[in-house]
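Only one structure is covered here, and it is reproduced in the block below.
Letters are used for the chains, namely A, B, C, D and E, taken in the order the chains are written, and counting of residues starts over at 1 for each.
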Amino acid sequence: MTKRYTYFPGCSILGTGRACEESTRAVFAELGVELDDLEDWNCCGATAYMSVDEHKALALAARNLALADTKECPELTTPCSGCYLVLNKTQRYMEEYPRVGDKVKCALKDAGLNYTGRVRVRHMLDILVHDVGLDEVRKHVKRPLKNAKIAPYYGCQTVRPYLDFDHQHYPMTIDRLAEALGATPVHFPLKTRCCGGSQMGTLPNVAQRLCYAILREARRQGANLILSVCPLCHFNLDSYQPDIRRRFGEDVSITTMYYTQLVGLAFGMDPETLGLHRNMTWDGSWLEREVLAGATA
Amino acid sequence: MTGIPNTDGNGRRGAAGEEIRIGFYVCHCGMNIASLVDVAAVAKEAAKLPHVIVSREYKYMCSDPGQEFIMQDIRENRLNRIVVAACSPNLHESTFRGAVARGGINPYFFQMVNIREHGSWVHTDAAAATAKAIDQVRAAVARVAKHRPLERRRMEVNQAVLIVGGGIAGITAALNLADAGKKVYLVEREPTIGGHMAKYDKTFPTLDCAACILTPKMSAVREHPNITLWTYSEVTKVDGHVGKFKVTVRRKPRYIDEETCVGCLECISACVFKTPKFEDEFNEGLGKRKPIYIPFPQAVPPLVTIDPETCLKFKTGKCKSPCETVCDRKAVDFSQTEKTEEIEVGAVIVATGFKAFDVTRLPIYGYGLYDNVYTALEVERMVTSSGPTGGEITLRDGRVPKSIGIIHCVGSRDKKTNRWCSRVCCMYSLKLAHLLREHTGADVYQFYIDMRCPGKGYDEFYERMLDEGVQMIRGRAAEVTDWTMSPEEEGKLVVRVEDTLAAYVRRIPVDMVVLSTGMEPAVGADEIRRMFNISCSTEGFFLEKHPKLAPVETATAGVFIAGCCQGPKDIPDTVAQAGAAAAQALALIDKGYVEMEPNTSYIDPDDCSGCKSCIPLCPYHAIAFDEGSKKAVINEALCTGCGTCVASCPSGSISQNLFEDDQIFSEIEEVLSHV
Amino acid sequence: MDTTTRHIKYQADCDPTFAPAIKAIPGCEKLDSCIQCGTCSGICPLSIYMDMPPRRIMNLVRYGFKREVMNSNTVWLCSACYACTVECPRQIKVTDVMYALKQMAIKERLYPKRFPMVVLANQFYKMVRHRGRMNEIHLVTRLYLLTNWFKLLEMARLGIELIRRGRFSVKPDNIERRAELHAILDYEKRYPPTEAAPK
Amino acid sequence: MSEAWEPRIVAFFCNWCTYTAADLAGVSRLKYAPNLRTIRVMCSGRVDPQFVLEAFARGADGVLIGGCHPGDCHYISGNYKCLRRFKMLRRLVRDMGIEEGRLRLEWIAASEGEKLKNVVNEMVAHVRALGPLRLNQKFAEWDEEMNQLEHAVGEAQKAKEPVHA
Amino acid sequence: MPEKPKIAFYWCASCGGCEESVVDLAENILDVVAAVDIVFWPVAMDFKVSDVEAMPDGSIAATMINGAIRTSEQEEMARLLRRKSKYLIAYGACAQLGGLPALANQFPREQIMKFVYEESPTVDNPARIRPQTKFAEDGRVATLPEFRNVVRTLDQVVEVDYYLPGCAPTPKLLAKAVEALLTGDLPPKGSVLAPDVALCEECPRKDSKPTEVAFKEFKRPHLTALDPTLCFLAQGVVCMGVATRGGCEAQCVRGHMPCTGCFGPTSRVRDQGAKVLSSLSANVAAEDEHGIEKTLAGIPDPVGTFYRYGLAASLLRRKVSLR
């Protein structure tokens, strides 16, 4: 059974988030899910656009919805939590506030686009766990990750404010996914706490402190791996570990990866294919040391 | 039952030949009406209408002088119809009918026009509001000309009362009524009466022991000759109406003969399960019970119950049943089956109580995730000396807590869960703070949004807690977590909160968190509501007839409500309301009869073709087919006057008193006469 | 030296147009129902850095303390994690209120000078308007050039790492139909909000 | 009438829910359009389709029926009977060329003063947009075709009168 | 010997069945003829309108007009006969209620004209010629009556004294009416000369109806095999008998057809269709909106079903033309 979704990659996927893209495509291809790229998509506007002009922010994101509206499959999916939130919010606000919705629709119409409202924005995690299903995932597992102790990190915009398939404060979706891969999820009280997001660029002391707390707590709870869902969260948690060590004088280093990379590893895929070499915290021996050795031992 | 005929014998198509003389009165209601509606214009227009002899305006028509005008005009101007334009008929229709009757004419020669609630209070344009008032007056004048004299019906009232729910409300009401000599049926779903109150240790603000004040009342219920107590039973069907409700009660088998069991509890010790193994509902799961159990030692009736879900005899059929053999009175009876009882009562008091908020709906407070997060009800059981821990406050790992955080408003004042204030949580949280300090000496923090202590001695109690050193942090706890940032937080739960009065975000490490859960409508409240035809608010609490003036009556005559099924309240208020409900029920049945509005439907046998279309439409089965005459007949005693059959009769052969077709047609005609 | 200052607010100090302007923005309509419980501040991961907790901002906005709100750093610390919005017992969309305040501040140039968040937002806005997509490297470079250029040096390590791992995309990415995008974004210019939108 | 046209809506409210909701709207001082003319019945089940047609025939621009929410009827199920009749009546009325929006059935509980206000305002706005129905005036217009004849016959009669005299 | 009372018959918009029903008096017609003088009966006897015009006003004892009023000529005749008659009797369903011709009130005149003269499959009229009210050629002028926009009952045009219901009235009712006229034993003016109780009372299937009939579906009689002894409503077939005056002796039901309502409502009902609608829909079994709609969909044409005879006399009278 092939399932098809309209795919919105998002800007960061083209740069720092390349590995997220690579592993997502590889894993979904393996599971027989087709991702049909949205042609000529534009930036969703992220948090910054909303700060400057709300109408433009909604119109900007709505262009993508209008493009998706013409696609055969009205389910629009994206690997980036920020994009997921913005597209979702745009759609809901257009419905909830007809005044705004009408204006945005007029703007779209002026540019020759039409938005009917049939598009449904889905998170890739939702598709993996609910549409594909954990049973199907389990079938593809060739390398159960017995020794991996996972701190599942959902971040904020995946779950808030629109998550409808799990609890927003203490979700369990990744925990269940990790179990399906043979790994052990640990209790992780900070699983939905913000990593600082784009504040990393503007207020590094603040954002790094937030990441410090997350990394530290993951180790404290006995994890040897943080799984993240969003390219930005992953970037913050993965790339700044040396800075955090310097700033707070504590070694909080821990391997981090996208959940899709872990799924790929369990499926027996090559780390290179999954873009693992692009992660700052990736160390080629990790798999050998933490997972395979443990599994055979 | 006596049904008094409701027609005057003049026939239903208008009183014979009398001249119609209408008096019209418009009320200023101080400035409530007159500030927007031009009452003088209304009176002037009314004066021009057919049959109107007198048209007056007055400042307060409902006052004694206002009513006196009507009576005087009836006498002096030989009026025989009265129309008053004032407030809602729901408020003063009966007042004016009384005046009309005292004036010497039938009280149903009266029609009221609502120009306040439906007029001056909801409109802003004086001309439009006046025009509307005039139209409605015109309709009333046209209608009242077609009114006929009617009599209220009297019906005998059964002298028994049904009380649904055996908590403190049901118990209070039952004892009040039984002491007054009335027969009471008390039906309780659980194996024992006592309700939530039986689970509490001490009661605020006096800190008297709940059991000490409740258990004597429970025994009194059991011993009262006028009370029939059916526990482990549920109402399944209700028919009839005020004065004569027919109620079906399902009595679940407890596999113990109630007559012979004396409550020696030998059977429990004899059970093949040597140690209690199953979750004990009464102790909120903190303790364990056996398949054969008694909820708590002072349970009433003091009978054991066998739970077929856990009993081996039922599960496997292979138990030697030592319980059966040990009982020298042979009270254990595995062959027992469900029984149904049918009773007739004159009035009903519904006192089905509440359900504590399910804290798993708010995972942000970590219940179920962290061992040391408790609900208030669990802690209540824990501090009780007869509870599962014998009154010892220990955490699940056996430690005695040194610091405790009590979080208010869990499932209250929160639009995501329950919007309303549960009213008792502030006070019981303070009480628990006191008890917990008393038992453990721990530091206690209260996290509250607003401290609500209105009640006799309540604020004093709050002050006493402040004096005792309970720390009050004004802020809704944002989360409970075990994530730590500093050594002193290690191994503790951290409550993260903004102390809004200090304007700092604080992290308070505690050993134990208590969630002060709010109140929700009880499980099954919706079925009860449907059975007894009670309205409910959007939250699901039963709706009283009037929030101020009829707080224990419901929209259904003869059905009263008491306690938390009507809304969250504390024990004193519950008891007061239960007393009020008992008094109302008593007033109803002690009178011996009820008077009912005469707006019943009737069929003219000459007109009816016997098509039977109306028969299935009557929700009260008041219409029957007379096999002799081959016509439909309405039993007036059963008719409640909805008029559904009237609207449906395809040959127009059913009429409704006070809502005759021609009366309504003339209203339609008149409200549109100026279109 | 006497440094005592007088802290009193006269009603005339409040701006009566402030709250209505904010409440008119979608998402901010429930502002008045705030009960000052502090859940937003308590759950906010960044409130510990704010000079005024979000709860206080809510109160100041609804009663018209525009100057005080605009002088505070609170809105610029908000990272839009939506925790406050989700947890608010009155279902006030606190994040949207923060956005509304940011928009107003940027429009009226009322933000604390050279606050990096504002620069970031503006640069992002311009870049996306121009190209249709955002390039992280370009954005961050511009941000540091405009605010604190020697930060660029600090970032050298990270930059080199990113290049090494193939995550450094230098080529600015453009969408094809930019005219279409501009038509959408300039809609308001063509039809100012006072005029009725054409059907 | 020379005054500008104002929609006239005849409302049949059940005593227990919607009439009481209207009382509540009053007590709460909610403001709504003054175009309603209310007729109180004990139950929405009493609303005879004849009443609705009569109201239209007498010149109503809209008819609003208000009852208790399903499951909340004071008389157990009168509102269901009303709902069933309404479903058929609305089809009939539509087939007779009267726009559906002119006939509404709304469940408004005693506690829903706010809903009452909104329903009335919405309906008045909707009927206003539809324009006048005013069947009574239409009947008069239709019958005008006969009046011309009556006039002509009258004239002819006058001319002939001497013959019979 | 006193002069025999004068009687007139006239035929407006109807099928002619009412005229037949007079003949259906069979040999009894001789008694009638013996007792009265028929002074005007276009279908059977050669009288001219001018003869009637010549009569003194009020000189005819009773005139029975059948048919609805659709044309200006019918209006003219109704007025003339009204003036000349002491009693004017609306004879039959069309005169009383509008009858089948009144179903045309669902369509505007233009639509009817267009269909009849242009679109009907049996019409060949390429020039789209339509009848004119006035046509002049060679100095001669031909006129036709005007076709009205509204079909009317007789009493919407002139005052009516009595109604003889039915499609057509039964000879029994006619004979009774004539007898009443002759003896002067007349009910109050405006009465319908038939029992004021619904048809069920005299229906042979009355006893077969159970007391609790709730409709799960509505069946259409021509699509269903029906029990010839069981009440139609009990079988889910729309029978208007519950809302229709008796007096016909349930001839249709005896012929295994449900009542379609030609005797009109009882005196207590203003709108027969609304009443039967009320009764049938209230007795639908479904409780949910969807189920209710599904059941009621079994009556695909409510106007045609509930107002087969009564549309002109109904409260709404005719379809409002949509703008």
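Here is the rule we go by: a contact is a pair of C-beta atoms (placed from the backbone, for glycine too) under 8 Å apart; a residue touches a chain by one contact, two chains touch by 3 or more.
Being a predicted model, the structure only gives us computed values, none of them experimental.
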Mind listing the chains that sit against chain C and also against chain D? B
If I drop chain B from the contact graph, what connected components are left? A, C | D, E
Chain E reached from chain B - shortest hop count over touching chains: 1
Most remote chain relative to chain A, going by C-alpha centroids? E
Which chain pair is joined by more contacting C-beta pairs, B-D or B-C? B-D
Rounded to the nearest whole Å, what is the centre-to-centre distance of chain D and chain E, using the mean of the C-alpha atoms as each centre? 28
Averaging over Cα atoms per chain, report the distance between chain C and chain E in Å. 77
Centre distance in Å when chain A and chain B are each reduced to the mean of their C-alpha atoms: 50
Whole-Å distance, C-alpha centre of chain A to that of chain C, is 23
Chain A, residues touching no fewer than two other chains: 169
What are the residues of chain C that contact at least two other chains? 87
Multi-chain contacts in chain B: which residues touch at least two other chains? 364, 479, 617, 644, 647-648, 661, 665
Chain contact topology under the given definition, line, ring, star, complete or other? other
Listing of all chain pairs that touch each other, if any do: A-B, A-C, B-C, B-D, B-E, D-E
What part of chain E is in contact with chain D in the complex they form? 53-54, 56, 72, 75-76, 79, 106, 146, 148-150, 152, 156-157, 269-271, 273-275, 277-278, 280-282, 284, 286-287, 289, 292-293, 296, 299, 301-303, 306, 314-323
Provide the residue numbers of chain B that touch chain E in the complex, in ascending order. 606-613, 615-617, 625, 630, 644, 647-653, 661, 665
Residues of chain E that touch chain B when the two form their complex: 196-201, 206-207, 209-214, 233, 241-243, 246, 265-266, 268-270, 275-276, 278-279, 282-283
As the complex stands, chain A meets chain B at residues 167, 169-170, 187, 189-190, 213, 217, 220
Enumerate the contact residues on chain A facing chain C in the complex. 11-12, 14-19, 40-43, 45-56, 59-60, 62-63, 85, 93, 96-97, 99-100, 102-103, 106-108, 110-113, 156-157, 160-161, 168-169, 192-194, 196-199, 201-203, 206-207, 210, 239-240, 242, 277-280
